[in-house]
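What follows is a single structure, and I will ask about it in a moment.
Chain naming follows the written order as A, B and C, and within any one chain the residues start at number 1.
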Amino acid sequence: MADETKSQSGQDGADSRPRAAGAGSKVAEKPAAAGKPAAEAAARKPAPKPRPKPKPKAPPEPPKAPEDQAPPDGMELPKMVTAVQAGAPGAVQQVSYWVGDWTVIVAVDRLLDVMRFLRDDDSTSFDYCSDVTAADWPPREKRFDVVYCLYSTRLRHRLRVKVRVGEQDPVESVTQLWPAADWLEREVYDQFGIDIVNHPDLRRILMPEQWQGYPQRKDYPLEGPGELLMENPQDWLRVRNLPDEAGAGADADVEIE
Amino acid sequence: MLETIVVPLAKIVVLLNAVLVAVTFLVLMERKVIAWAQSRLGPMRVGPYGILQAIADPIKLILKEDITPRKADKYVFTLAPIMSLVPALVVFAVVPFGPDPFYYLSDINVGLLFIISVTSIGVYGIILGGWASNSKYPLLASLRASAQLISYEIAVTMTLVSVILTTGTLSLVGIVEAQREGGLWFAFVQPVALMLVFIGGLAETNRAPFDLPEAETELTGGFHTEYSGMRFSLFFLAEYANMIVISAIVVIMFFGGWLQPFPNVPALAFLGFVPPWIWFIGKIFLFLYVFIWIRATLPRYRYDQLMALGWKVLIPVAIGNLVVTGILKVAL
Amino acid sequence: MTLEAPRASTTQFDTDELVINMGPQHPSTHGVLRVVLKLDGERVIDADCVIGYIHRGIEKLSENRDWTQIILLTDRMDYVAAATNNLGYCQTVEKLMQIEVPRRARYLRTVLAELQRIASHCLWLGTHAMDIGAMTVLLYAFREREFVLDLFEEFCGARLTYNSMRIGGLPLDIPPGWDKKVLSFCDLMEGKLNDYETLLTNNRIWLKRTRDVGVISGDEAIGLGLCGPPLRGSGVPRDVRKDEPYAAYDELEFNVPLGTRGDTYDRYLIRMDEFRESIRLVRQAVEGIPEGPIMGKVPRLIKPPAGETYHAIESPKGELGYFIVSDGKSTNPYRFRVRPPSFCNLQGLKRLVTGHLVADVVALIGTIDIVLGEVDR
């Protein structure tokens, strides 16, 4: 698969759309093969092990789509993956395996079903939500990967669940399943601006409440208003006070005589 | 004229200065003792072995900017530290440092009552200071302080009553004399009372493990969070002066004041070469050391546990002690 | 919601709730944590943690630094346990590149990680005891932490932010005689642990302050995503070192101490036991350091193939996970994500403090052992 991807992206050059569409079609054809993805995948792609040298390209452009390597030929799917494929039919779009980690890619509208199944079923019993995070792949139409790292304290196995969403797509909150996801989802919202719905308390968490923009997005500059504050506080204040000019004077309350 | 005004005034001046100097050195002592307990050296830079730190600290505090928060009640804010310090100093008027009238300002026949009532005024300073700051942490702390001081006051007072029952006098000189006549310190006669007064004393002076009103790790600085400079140092002085007062009370009531150990044992009569005031001050320092030692050792009580200890343990035990003392007094 | 926090009894009096800001400048919030407490008298009826005061964007920064430079940045997260941060990151990249780390390096990493755990727990013990008012323990614990820092200084030249590991192994071999010093430190530390325990373990006030404070059941702790000692305090046998062994942990013997009640005292006991287990691990690892190289076969230019992975280690605070995505093209990670244990544990604070008193809030902040550098990143 990697060979294909490399050569393909090389051919596509700057045009990103066809590649994204290609990824989309791959996603679309995946659910049908949900039952036997290993064989299917193996038929379509060689094992990911031998990698070609990265081609030196003049402008290092962002990758067109994340690569979710399919499990290598002949590898048996673990029970947790087959269980979720059976338990939530059609929800798992793709199964991926890389350096020992299993990932299932799930349709965003079926997320809660899958998650509930993963938590409650005896063969999966993912009672511990290790992490919720996201990755941003800007040119892609569904630019965000929201990644849930699950762990089972009973069966001691791990699984990553991934959903792909666009900028405006809502993602169901999983806090009702794991209260642990509360702050983690807040951070995803804070850093990526992904719309998490049915979250009990969706506020910014690391950035100030009035912060503009979402820092972890790839199109957010590495140097932002923070530097402005250092170099030119007046401008920074102006930027900061733009939304509520009236309220700005209220906290200028000098406590010391 | 000389006898009624000049001598007492001179005594007052000497005593007041002595107490204030003692307090500054007590702070140094506390820093040093805690440092040793914690395998540190403590202040070492100012003077030999940091002895002059006792001078440097007050100078620093006096020179610091004295800030009044804008929303504070200015008059009460200023009044509170004074209200806290003055009672702590006034108490020394009746503390006898030795048997002769030369060693004390006055020996009034209600000396103990005087001490109890005057030290109780000190709590107003804390309450008002916390309230006048118009800030939340000091307010919480002053609420704690008022509840704590009142509940421990009851236990301590009731325990002291049992000592009064044994001696039959409220005069501090009389109490010490009673111990000399009895030939035994009251620590051995009233051990329960000693424990109660000492624990209650710890609580009343806001010392660890009862230092809730100024629990710096919970309420930042407690009631004096908003205070700085001289006014803060007045609170500081008051706390340490109160420590000395409590130690003095414990020594007078239970450890024979200026008496040498076992005053009636002839074999120990050679101890008489030590002047009585040295005995008295030495014993006070012993207790101050215990105060500091406890602070270095113990964690802090929680507020509700502190109240529970006061009301459910100390007060019942104090009442029981009083009753037993009364019965024994009648029976014997 | 499975969260049903105990509520304070509401009286029929006309009372007002007091909203009080604990932090960001407060002596016992361990840095710049701000907790907005809603109080009914002294009883906490609601708490809201406000974090982010030292958010430095380490994740964003790391996505713009190359793979080796990031080791430096990981030092700055949990700055009281920098070596475990290094370890977690290096192992994640090694996993991504499928690099075999030599056995000697794995043993030395274990020694460093466990020494770091001792240092971190020393800091926890000192500050936790200090918060509850036992000030002497702080100085004692810091005295011993200093020895660990000396050992680290001798190993890598730094005392706090070590930058002590490299992708594929270690930058330096241990200096001669270092292992002897580590062993003698272990002997020393065992004696000192007894000192700490004399001061605290059976102290009645300590018991009163910690017993039945912040009780949380195992299931609830799992649901809240607690990790490390707070999770084990509730009796959940979860330790990444045992469950998903890394470095040399699968070759060494150690126990995972578990609590029964899930209160602050249990969490205290667990960490005290972890001191001893760490000492045991350090002894075994130092005595078993094999000969051999300290660096694996690492390409000159570190550029993992495209792919992503999540790798967790047991830092002193709990499960420290790194989720790293490589696009296979550039010399920096495409996505660098840290799953900070302090962050996830701090999330449980609201549940723990509700219904308790103000004084317990500081005890509970202490018991979950947060480092704000890691919470905020």
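We take it that a residue touches a chain if its C-beta (ideal position, glycine included) is under 8 Å from a C-beta of that chain, and two chains touch if they have at least 3 such contacts.
This structure is a prediction, so every number in the text was calculated from the model and none was measured.
Farthest from chain B, judged by the mean position of CA atoms in each chain, is A. Here the chain at the heart of the shown protein, by mean C-alpha position, is C. The chain pair sharing the most C-beta contacts is A-C.
We define each chain's centre as the mean of its Cα atoms; on that basis chain A and chain B are separated by 64 Å. Centre-to-centre separation between chain B and chain C, using Cα means, comes to 43 Å.
Distance from the chain A centre to the chain C centre is 26 Å, each centre being the mean of its Cα atoms. Only residues 1-3, 51-52, 55, 57, 59-61, 64, 95-96, 98, 219, 222-225, 236, 238, 243-244, 303, 305-310, 312, 319, 321, 323, 325, 327-330, 334-335, 337, 339, 343-344, 346-347, 376-377 of chain C touch chain A when the two sit together in their complex.
Within the complex formed with chain C, the chain A residues making contact are 2, 5, 48, 51, 54, 60, 62-63, 66-67, 69, 98-101, 103, 127-131, 133, 135-136, 147, 149, 153, 156, 158, 160, 175-176, 178-184, 191, 200, 204-208, 215-216, 220, 222. Residues 18, 20-21, 26-28, 39, 42, 129-136, 138-140, 143, 199-200, 203, 205-206, 208-209, 357-362 of chain C are the ones that touch chain B when the two sit in their complex.
Those residues of chain B that touch chain C in the shared complex are 34, 37-40, 136-137, 140, 144, 208-209, 211-212, 215-220, 295-305.
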